[in-house]
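Notes for the one structure printed next.
In this document, chain identifiers A, B, C, D, E and F correspond to the written order of the chains, with residue numbering beginning at 1 in each.
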Amino acid sequence: MKYLEEFQNPDLAVRLLDDIRATVTRPWALMEVCGGQTHSIIRHGIDQLLPEQIELIHGPGCPVCVTPLEVIDKALEIASRPDVVFCSFGDMLRVPGSGRDLFRVRAAGGDVRVVYSPLDALRLAREHPDKEVVFFGIGFETTAPPNAMAVHQAARLGIRNFSMLVSHVRVPPAIEAIMQSPDCRVDAFLAAGHVCSVMGTGEYPELAERFEVPIVVTGFEPLDILEGVRRAVRMLERGEPGVENAYPRAVRPEGNPAARAMLADVFEVTDRAWRGIGTIPGSGWRLAERYREFDAEHRFSVAGIDTREPAECRSGEVLQGLLKPHQCEAFGTTCTPRTPLGATMVSSEGACAAYYLYRRLGGTPATVEATPVG
Amino acid sequence: MADITDLSRTGEPGRAAATVPAPAAPDFSGWTCPAPLRDQEHIVMGHGGGGALSAELVEHVFAPAFGGPLLAGLGDSAVLRLGGARLAFSTDSYVVRPLFFPGGSIGDLAVNGTVNDLAMSGAKAAYLSCAFILEEGVETATVARVAQALGAAARTAGVEVATGDTKVVEAGHGDGIYLNTAGIGLIPDGVDIRPQRAVPGDVVLVSGPVGVHGTAIMSVREGLEFGVSVRSDCAALGGLVEAMLAVTPDLHVLRDPTRGGLAAALGEIAAAAGVGVTVQERSVPVPPEVANACAVLGLDPWYVANEGKLVAFVPPEHADAVLAAMRSHPLGAEAAVIGTCVEEHPGMVVARTTFGGTRVVDMPLGEQLPRIC
Amino acid sequence: MCLAVPGKVLEIEERDGTRMATVDFGGVVKEVCLEYLPDLRVGEYTIVHVGFALQRLDEESARQTLALFENLGLLEEEFGDPWQAAAAAGPTGGESGPAQEEARA
Amino acid sequence: MADITDLSRTGEPGRAAATVPAPAAPDFSGWTCPAPLRDQEHIVMGHGGGGALSAELVEHVFAPAFGGPLLAGLGDSAVLRLGGARLAFSTDSYVVRPLFFPGGSIGDLAVNGTVNDLAMSGAKAAYLSCAFILEEGVETATVARVAQALGAAARTAGVEVATGDTKVVEAGHGDGIYLNTAGIGLIPDGVDIRPQRAVPGDVVLVSGPVGVHGTAIMSVREGLEFGVSVRSDCAALGGLVEAMLAVTPDLHVLRDPTRGGLAAALGEIAAAAGVGVTVQERSVPVPPEVANACAVLGLDPWYVANEGKLVAFVPPEHADAVLAAMRSHPLGAEAAVIGTCVEEHPGMVVARTTFGGTRVVDMPLGEQLPRIC
Amino acid sequence: MKYLEEFQNPDLAVRLLDDIRATVTRPWALMEVCGGQTHSIIRHGIDQLLPEQIELIHGPGCPVCVTPLEVIDKALEIASRPDVVFCSFGDMLRVPGSGRDLFRVRAAGGDVRVVYSPLDALRLAREHPDKEVVFFGIGFETTAPPNAMAVHQAARLGIRNFSMLVSHVRVPPAIEAIMQSPDCRVDAFLAAGHVCSVMGTGEYPELAERFEVPIVVTGFEPLDILEGVRRAVRMLERGEPGVENAYPRAVRPEGNPAARAMLADVFEVTDRAWRGIGTIPGSGWRLAERYREFDAEHRFSVAGIDTREPAECRSGEVLQGLLKPHQCEAFGTTCTPRTPLGATMVSSEGACAAYYLYRRLGGTPATVEATPVG
Amino acid sequence: MCLAVPGKVLEIEERDGTRMATVDFGGVVKEVCLEYLPDLRVGEYTIVHVGFALQRLDEESARQTLALFENLGLLEEEFGDPWQAAAAAGPTGGESGPAQEEARA
């Protein structure tokens, strides 16, 4: 794919790595905020190519991982209703609530469907006027505009049997929370490129300044990530925190004004619980009052849910970079990708799942080569 | 193959873990899964995905019921002795949606899938059985189209449909047409091809680009629809295998990377033989359209199903000649060496990434789902 | 978060009052909602997430970034790092200003 | 067998009738069905009932697709030559509801049904394949119970489950468990048992009371429930057939009267061999509880399914000895002579009623339904 | 089964047949009214045992055969609705309406279920409160009380999602219509025993007297039917028409008073069309006005149905005994049990189907023996 | 019309306000509604149609009818036909009068 493959070129990766090696003089902990970046790092083995001094901490940027247990339990309850067609992005189906997941709801007869886009859910609502079609609206600032559009269109077209279970989260408050943690180990952030495609970069200078931390807006292909690391390391080595845009082909300072306007119309900022972390003030979006009739929590009474998060799961600390997954006692014993206790073991870009895979190589560390093979 | 090494039959389901304290410094080399069927009171889609859940079902439910020594036989095909001959015997049900897709149909699959399972033992398929489970209300014309595709595929593959069965289930208890075929074929003398024969040093080959068939099907699956010019490469591989056997009867392993794709096929071989497999990411042929479809949906082409491709483990001394023979056959024109069998990391497949990093290629857990993240 | 891929607009049409585009992702064609990029034109590239065009892909900027990588270690010491300068100036600068500078360098 | 004489392949579906004036005095001997698939644009339950609709589907849809010469092979089992041996090969899918019934389960049926189809060629079943189509959501424990029943039945029948497959379909697209088995077995030298070998003069035997299995299943079927002490007589008949072959290899026809019951089995033989069959109503063993259940529901015990019974056509000179051999075997203790093969009314089965009248025993059209009238 | 097998005893049949042979002196045409009797006659080959002079004419007593096309088309339309569970006795599923039958409705996705009793349909209605459960209430006087009870219980228990498509028919008006036909060939009637179990015998003396015809209330087992024939022939030979009860073990003169009271409460007499025959005044029952809410025709608007009965089908004449099935041009050519044009070819006791089976023996008439074999 | 079979009442109970019986049809047992024969007792026989007991089966009458068949041609000429007499008198006579007479004859 054009503008994708070019940024996977291993020859150019060597140049970026050379530059990083030439720059780094001491240990730095960089957090890539976004699960998509984590995925790319693991997939391509990028962490293994970096100089030993550079540690990549996988941040809380997987929307699947951070969706609070209570919301998932609500989703499971709504999806179990006989009159409901429950639509979700594929990633969410395996995430455990208190004891089961959407797969099991489907196995028990619930009509749970994987959709590619929220507009697919809206189409289903039009095709099945006798059913209540509920869309599970999760995601960061990137996914919020598409979901907002689905609600907006439902209102515009008068599709009354459509509603959304909203659990949107916002990145900047999360970065703030991480930096405020007393145990914080993060020296610099690779900010989430596609979040910034929508939101622009205006939220970051204040954070960079306040916490004296470099923030590099970073893309998702191997060269993009290496470039993000290169920029962050350079800023760290020079002792010059600030904000840089290493993903200019997709990120403009102002983001996408049309999308931001729609977000302002459909959603309003709210406090939001992050799974395993707790409530972060102002870190989420909920439907604005005037779209309340499309709010699945309003339409279906799903109060009184008794959530049960396994006590032994320490994914909150993992998500904040305070704990390495293998330091969790459950890791690899009671908690495996097959039998996850926490969301970070579920999604393939979850930190625990990534570690599990990597560590399965056992005592033998993987051979790391800087020069491309094959 | 059913057996995968991260499952242990010794652990007590759901209880052992609570009584064994986690070691202070976990020993990653000796993991077992202490709760293989935890929370699996009900069958989920993944149990049919050809990955770890399928393997568990075989290991924990079917193998004990049918008798221990048969476990190995519950793989894709079994080798039997009957009337003095060595036969391969295999079965598969076909539940693919939609019934017709670019480049093929459930009827083609039902022939080629079973013919190929036999070919993976080195057997030339001779006879097929063919059983239809029809859903009340399906159009007779649709049944006829599928039957015609099946008949045509059988003629192309040189196999005879020898016996059949038809059942009809009530509307709402099926999905148009489910098909089952079983096949039998003769294994030539001196041929002993099975996953357990993989040994360190073997060269790993693939007969052509992977992910094509699954991508063609996804492109017409409800809710995923996308435009793409790739068509299923669904084909019968008996002739290709014959050409390879003409080089040497000493092929170690053949495997058709169907459900679970290349990743599952390699993982099963590694597990069955207790060897490691190293794959050079760059060497695995993936057509750009397949790679791009996967990029759009957040999937991995190595996990996408094939039907019409094979993976071969070949002793190094024959590797070049086998590769040349494959490339001379129309169904192996794009064959490639993709890796080697190693002593390290037994039971595991490790990819050398394009950037020189390494990555564990895990068994798929169940079905692949489009991701947003 | 946010799997998004670059695609090229092949066709644009109105459907049910919604602006939709046919977008080509290297031979893979999908329908994409254009409501958030109403001025996108046929032939341009866009970043697509869950069926929505969320940002125009700046081809010039992409080329410049790649050129930067090509020249890494060759030119930088000579001319200094224009990215660094841009970052210090804050992200409110021109759309692809820093990259342009660096490419020029 | 697929072919039944009241269907003609020469008639033009749906049109011929309109152009051929009805004869003033109809000639009943030469009827053909001018519109075999009229109004059959969609599959209905009867297409799976083992009766005339099933036969039509085979004749008009499957046989043309798979190739003419194979038509005969689409019956219950096929006879093949492979590696110098003569093999029987058969498949059946099992979709019985409920999964468990008095005296058995779908697991027992899946073994015995296929083993018996092989036995009806005189073959001793050696290997089975076993394919599960599971519906998402079915309890794993239910799957395990079925698997255990299947394994136990295989051990009892002396057959090995050699290969298998599992697919999972979405909830609402299956019905818990569908099972398919295919089986292969060796046919002893000198044995040539098939429906076409029925000749006038043959003595017709049945191995025991009919209708028992179907009655046991109906008694627990939703909406029909009734109390009854009969349990399914589902059994593997390989041993009984061996005992019969020990008398003479020259058995002409064996048939397990499963779907469509005794009536369908006899009708198919009559049609295949072009002979008439005359049955003495009084001689057909029907247990009182089976007769009474049928009386309550308005069904005919001769049309009720069996699994564990066989019908044999035997040359008259061997009839007594074969009957004696059957009666010495536990599964043939209540064997009986029920009729003879005749030259009259070729292709038809005629019953001599208890009162001395005659009645045509027609092929069942589809499934039997409880009547009020 | 006790009181069933005893009446299937072939030795006693010989005595009855001997007596009939000794009595009959000239040709007589007897009509057995009831399809159940037809079934028994064909099943046991009784017609073949009778002296040549006695002809049995199969009457219009199969409720499946006489249900009018229009009602079946209504049933098909109601059964096709997505919210309806349509319940029927098994016999009705294969009866063709204008172009399809209930089997095909089911194959096309309709929820059509075979029930053993109307109470099963009522139970389904309680189990599926979100569905409309409709029962196809067909049958003669025997089946009417069970169906009446289902409606009565639905009203008593307030089961509002239950309704019935009623097409009940009554025997005496049919006998009257047959006798009034100018071509009538019937010399005597074997009246339907189970109808009389409910209704008693009080309706028949007037008919016997008016048309000077013997009417013998007859049971269903072979001996019962032979006894009915014996009585009818004796009355004919003696020239003494009247009513006799040859089924006293199950028929009392007054019938079942409780059942008759319920019929009077739930139903009211109406004119009714009989398939192939036409409307017979007062020959049916419909739901009484006070049970109108349980009337499926009232609940579902099924007006404007365009029925198409194949023009070539002459089942009406067959049902009245005016035509032998093989005299119909379609018989055995375009009309077979596999491809029935009329209801009399559908049900196994329909006169056309019975003839089809019998005649398949071809030119060779079946050997008829008076002495039991085997 | 009207497939109905004779069965013997094994048990009677009230269910949902409806009188139901367990009826044995020669080893086949089904639940049957007794509302139309409220005075039927355990041990008695009844004629059952679509799950309803519609008429008591008169065992004495059944035996008499069978006895009549046994004696057919043996006794009739001697004693005349009591059935015939009953028919002439109309069907309003005693429940099983004619049969009883004939059996006596």
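The definition used in the following text is that a contact is a pair of C-beta atoms (placed from the backbone, for glycine too) under 8 Å apart; a residue touches a chain by one contact, two chains touch by 3 or more.
The shown structure was predicted, so the numbers you read here are calculated from the model rather than taken from an experiment.
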Angle, in degrees to the nearest 5, of the Cα rotation that carries subunit B onto subunit D: 180
Identity of the chain that, by mean CA position, is farthest from subunit F: C
Top-ranked pair of chains - ranking by C-beta pairs in contact: B-D
Whole-Å gap between the CA centroids of subunit B and subunit E: 59
Between subunit C and subunit A, distance of the C-alpha-averaged centres to the nearest whole Å: 21
For subunit A paired with subunit B, centre-to-centre distance based on mean C-alpha positions, whole Å: 32
Per-residue multi-chain contacts in subunit A, two or more chains: 1, 4, 35-36, 62-63, 89, 106-108, 116, 120, 139, 143
Per-residue overlap in subunit C, given as positions that touch at least 2 other chains: 1-3, 5, 25-26, 49-50
Subunit B, residues touching no fewer than two other chains: 42-46, 136-137, 170, 172, 288, 291-292, 295, 298, 371-373
Footprint of subunit D on subunit E - complex, ascending: 1, 4, 8, 10, 13, 35-36, 39, 42-49, 62-64, 89-91, 93-94, 99-100, 103-104, 106-108, 113-116, 120, 139, 143, 222, 326, 329-334, 336-339, 347, 349, 357-364, 366-374
Subunit F contact footprint on subunit E (complex, rising order): 1-4, 6-7, 9, 12, 15-16, 18-19, 22, 34-36, 61-63, 89, 116-120, 139-140, 142-143, 145-146, 149, 153, 156-157, 192, 194-195, 197-198, 200-202, 204-205, 217, 220, 223, 227, 231, 234-235, 238, 240, 242-246, 248-253, 255-256, 258-259, 262
Complex contacts: residues of subunit C adjacent to subunit A: 1-8, 16-18, 25-26, 33, 35-38, 45, 47, 49-52, 54-55, 57-59, 61-62, 64-66, 69-70, 72-73, 76, 81, 83-84, 86-88, 90-93, 95-96, 98-99
In the complex, subunit F residues that touch subunit D: 1-3, 5, 22, 25-30, 48-50
Sites on subunit B touched by subunit E in the complex: 136-137, 170-172
